[in-house]
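The next part holds the structures, each set out as structure tokens.
In the two complexes that follow, chain A is the common piece, with chain B as its partner first and chain C second.
On to the complex of A and B.
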């Protein structure tokens, strides 16, 4: 079952792994970020979202932001020992003492049309595709979501609308080689990152063809 | 494409042209070469010819410098004397002589051990000579041989004098190069090239980005992970990866992008490709065959940083070239066309790392068009610039000016320039986007603080306001019928100030006799430009007294002229003055003030010259 979701926002940051401390965004949304938006609207273990095509609707523009961020995270081991002990002592992060100032090269004023479909997984049990398809349609139409979908980072919310016909594009340069881009994380295989060569042709990144050509692990 | 990919591509061109060192090598300043015989006897320590009269030694491609932080790590086939010979400069009675610092002997021991291990069983006679030398050398020999104390702490390379082929440093020998080629680390796909290879765990240090507090190594890294670098605990490491594994770039690609960037940033390079913009250091380059790319880069540099001193002809040619490229035509005589791809990258240090302030891939044609638009937007009469303005010069209008306590001269406090403004301004210039509103607010703030309104500030106000509104709200020169309220109020304010000066600064012959200590501009400008309804009634009332004083004491004609001017502006204002003006309106106010105060009557009416400073 295939859906077309129009998503847009004022800012976006799809961090490149090769420059992620002083974050620099990819030029366009990554397939995994797009998957996250679909999952925010509707997801169950029974289904798996697959992104087919990304239409870039607005010119790619960058903007620099500098702000204070937290420099560390609570380690999994601390959390584990707190769980075992049933005691929260020591499980904390003092924000003021973990300050770091970081720069972000973010995208400004983005708009995409994402074509995606879902596949049934082994967890599906008696579920039918029609059930999930209708659930997604109803939820997306009324603007429901499990959690607020975002454009790469939580600070940049994504707005969405289920559409039948693609909105008009104002993209200036429709063909572009975007270099190597993260496709997704292969959670089944030691969480290995998968990459693909992103080419925008006529404003569209065709992931069906990319999967046909094979991904780089 | 991506920043790193484009830089890695550029490296191939630079390496081919001999502008960048080969892989595994880096360009370092080497002061001396040590000549050794086959049996390891040192012959002499001879200085290398200076290329730059100001700096000793010569830039030379040597095996890539190791990254030293706190630990002791020797370079291979070259190093400073502390490592290579075990001596450092020790000051005794103002004289430098060979001696040992706290760690010098340890450093030399590390150098020796690393080389003996590397050269063990080396059959090459040159390398064997170095091994023999290191086995026999003791640091006190430096003083015994009475070598030049100037050489202390300089970098030295080794040369085998009995070489039948000719004089070349040891590391140039093919046997040495074979030894240096080694690879290590985990193999993974590289995000720059897409080819699997050993990953760079540490990325190259980038030197040449201006920093307030340069780090000890003299450079920053573009990619690094300082927190949790050894254990995957920091906020920047993910999925249990450490160091460079978080940013999978192969060693080859990391070297290529680092070297290319360092070459672009090199201050001493004959070919200029860097410029400073506020706290950001920007580099640019063009794609294509070497000669064409270089002349395109030269033109780019001229456009970003036009030099009025180079003369009218050069500026006229630059303008003609830009006009051609903007129209999509090849300029006469140019070996590159408007479709040539150009890249601009702006970097600024953020603690120990570099952050990307702006990144703009584009074509020469687009670039030319945007630069011309930028110049056009800033045109104002009377012109404050001789030629077209350089983008960075606008930033100085947002800086605090202070008197240097030592020399008494006026100096610009560069630190007071808002840090992100440079990047935002450059992006506007290169993309043709409206100039940033933050530039206007910085200029307005500065005007309110120091009360100086010059043509450059007025030009910035004009350019930003027109850019934001998307139409010409602020004219290029004084426009009497412009109905914009803020612009008119600015003109009115300038006129009222002139009336005050005419009344109080002139004697009965119309000559200037004194200077006011505080004019209405000093007292009321900030308030008048932000809350006109509160201030204008007061200053209009005082101007009535000034006008009658002019009429009585100085000249009926001057009073009459001023009165007519005030009436003319007044008639175009709405009955209720605005209570407050927005930032853009304050920009129009400043532009109006400048136009009116800088206005000069045509020659025939020379008596009624405009306001004097």
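On to the complex of A and C.
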């Protein structure tokens, strides 16, 4: 069952893994981020979303934003010992002693049409594709979502609408070699990243063909 | 405590008069701006910081309301009082690692308001150690273009002895004379379930949005105030309408004397810039709201 979802937003950051300290976004949405948006609307262990085509509908433009961020994560060990001791003293993080200023090179004013379908997984049990298809359709039409989908990071919310015909495109340069891009993370295989050669032809990145050509680890 | 069971999409308006609502570290602390439209921006994290500070202040020492991401002003000792004796039993050593991690996460959620609301990344080794909170904020954006002013100031004393013969040192302040900002936010009920974000927590969040600027006075900020908060309350956890359509119902226009002028109207180029909240009109279109959505004007 195939769906066409129009998604758009003010800003987006699909972070390149090689430039993630001072985040630099890919030129376009990655298949993995697109999958995340579908999953935010409807997902069950019974299904797996597969992205078929990404239509880029607006010119690719960037903007830089620098913010104060923290440099460390919560340590499980400290939390564990505070938990055992039953005492919160010392279990906190002083942000202005742990400060890192990081820039984000984000995309601005993005709009995509995502074509995707889902496959049933081994955990499907008695579920039918029609059931999930209807659930997704209903939610996407009325604007329901499990959680608010985002464009790469949570501060950039994604708006979505199920469409029948692609919205008009204002893309100026519709053919572009986008280089190697992240396809998705292979969770079954120790979270190994998979990459593909992204080519935008007539404003469209054809992932069906990409899968046919084979992905690279 | 019951977790929040309704989805909310909210719009908050706040304004600034003669202050810098959010400095840009990339631009020498000038107010953040969108380079293409000259609209002012305030980052999501700047507002979350204020929410944390407000909660830390009003809930000082109350169990379950610790703030993990603290500023130095929040005293460590107050956290000791937040200790909740209930349900704290030493973890058995034989538990598998993943389950162990989940216990830590649950305990952290139960004790820290900011983790329950915004989530946190707690180590990567344990799979369950990552929490996504129900509250999601976007960037705040000003209704119209801002025109920051650079104000030079003098200080009649010096810091270093070698500067003693100088009479004064000079400094600089950047201010926005006036601007009305709008920010969109989301409460995801399904994630609230996972972190245990309760109705009481939600009430505290709304109060924090209303009052956070009241306790964030400083030389840099000028006068900031929360002006309007609209909540779109959905009947169900998944929601009943598209958030962007709901947000389109809340509109801002300029008021010039008794006339309402749409933002972007060419006439505005020749008219006085806005300098007070009364120069704006905020309207909510309540006609024909989608079924299952209620529009609440909190203030």
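Throughout what follows, the second predicted complex is superposed on the first by the 194 of 217 C-alpha atoms of A that agree within 3 Å, B and C clash if a C-alpha of one lies under 4 Å from a C-alpha of the other, contacts with A are read in each partner's own complex, and residues count from 1 in each chain.
What we mean here is this: a contact is a pair of C-beta atoms (placed from the backbone, for glycine too) under 8 Å apart; a residue touches a chain by one contact, two chains touch by 3 or more.
Please read these numbers as outputs of a predicted model, since none were measured by experiment.
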item: Chain B versus chain C, judged by how many residues of chain A each one touches; value: C
item: A:87 touches, of chain B and chain C: first, second, both or neither?; value: second
item: Partner chain in contact with A:66 - chain B first, chain C second, else both or neither; value: both
item: First (chain B), second (chain C), both or neither touched by A:147; value: second
item: Touched partner set for A:103, first chain B, second chain C, both or neither; value: both
item: Touched partner set for A:16, first chain B, second chain C, both or neither; value: first
item: Touched partner set for A:53, first chain B, second chain C, both or neither; value: neither
item: Touching partner for A:191 - first (chain B), second (chain C), both, neither; value: first
item: Partner chain in contact with A:179 - chain B first, chain C second, else both or neither; value: first
item: Chain B versus chain C as contact partner of A:216, first or second or both or neither; value: first
item: Common ground on chain A, meaning residues reached by chain C in one complex and by chain B in the other; value: 63-64, 66, 69-70, 73, 75, 101, 103
item: Chain A to chain B touching residues, read off their complex; value: 16-22, 24, 61-64, 66, 69-73, 75, 100-103, 105, 177-180, 185, 191, 193, 195, 197, 216-217
item: Chain C-touching residues of chain A, taken from the complex the two chains share; value: 10-11, 63-70, 73-76, 79-80, 83-84, 86-97, 101, 103, 108, 139, 142-148, 150, 154-157, 159-161
item: Of all residues in chain C, those that touch chain A in their complex; value: 24-26, 32, 34-36, 41, 43-45, 66-72, 74, 76-77, 79-80, 82-83, 85, 88, 90-91, 100-101, 103-104, 107-108, 111, 120-126, 129, 132, 136-139, 141, 184, 186, 188, 190-191, 236, 238-245, 290
item: Complex contacts: residues of chain B adjacent to chain A; value: 1-5, 189, 191-192, 194, 222-228, 233-236, 239, 246-249, 348, 350-351, 353-359, 419-420, 423-424, 427, 431, 433
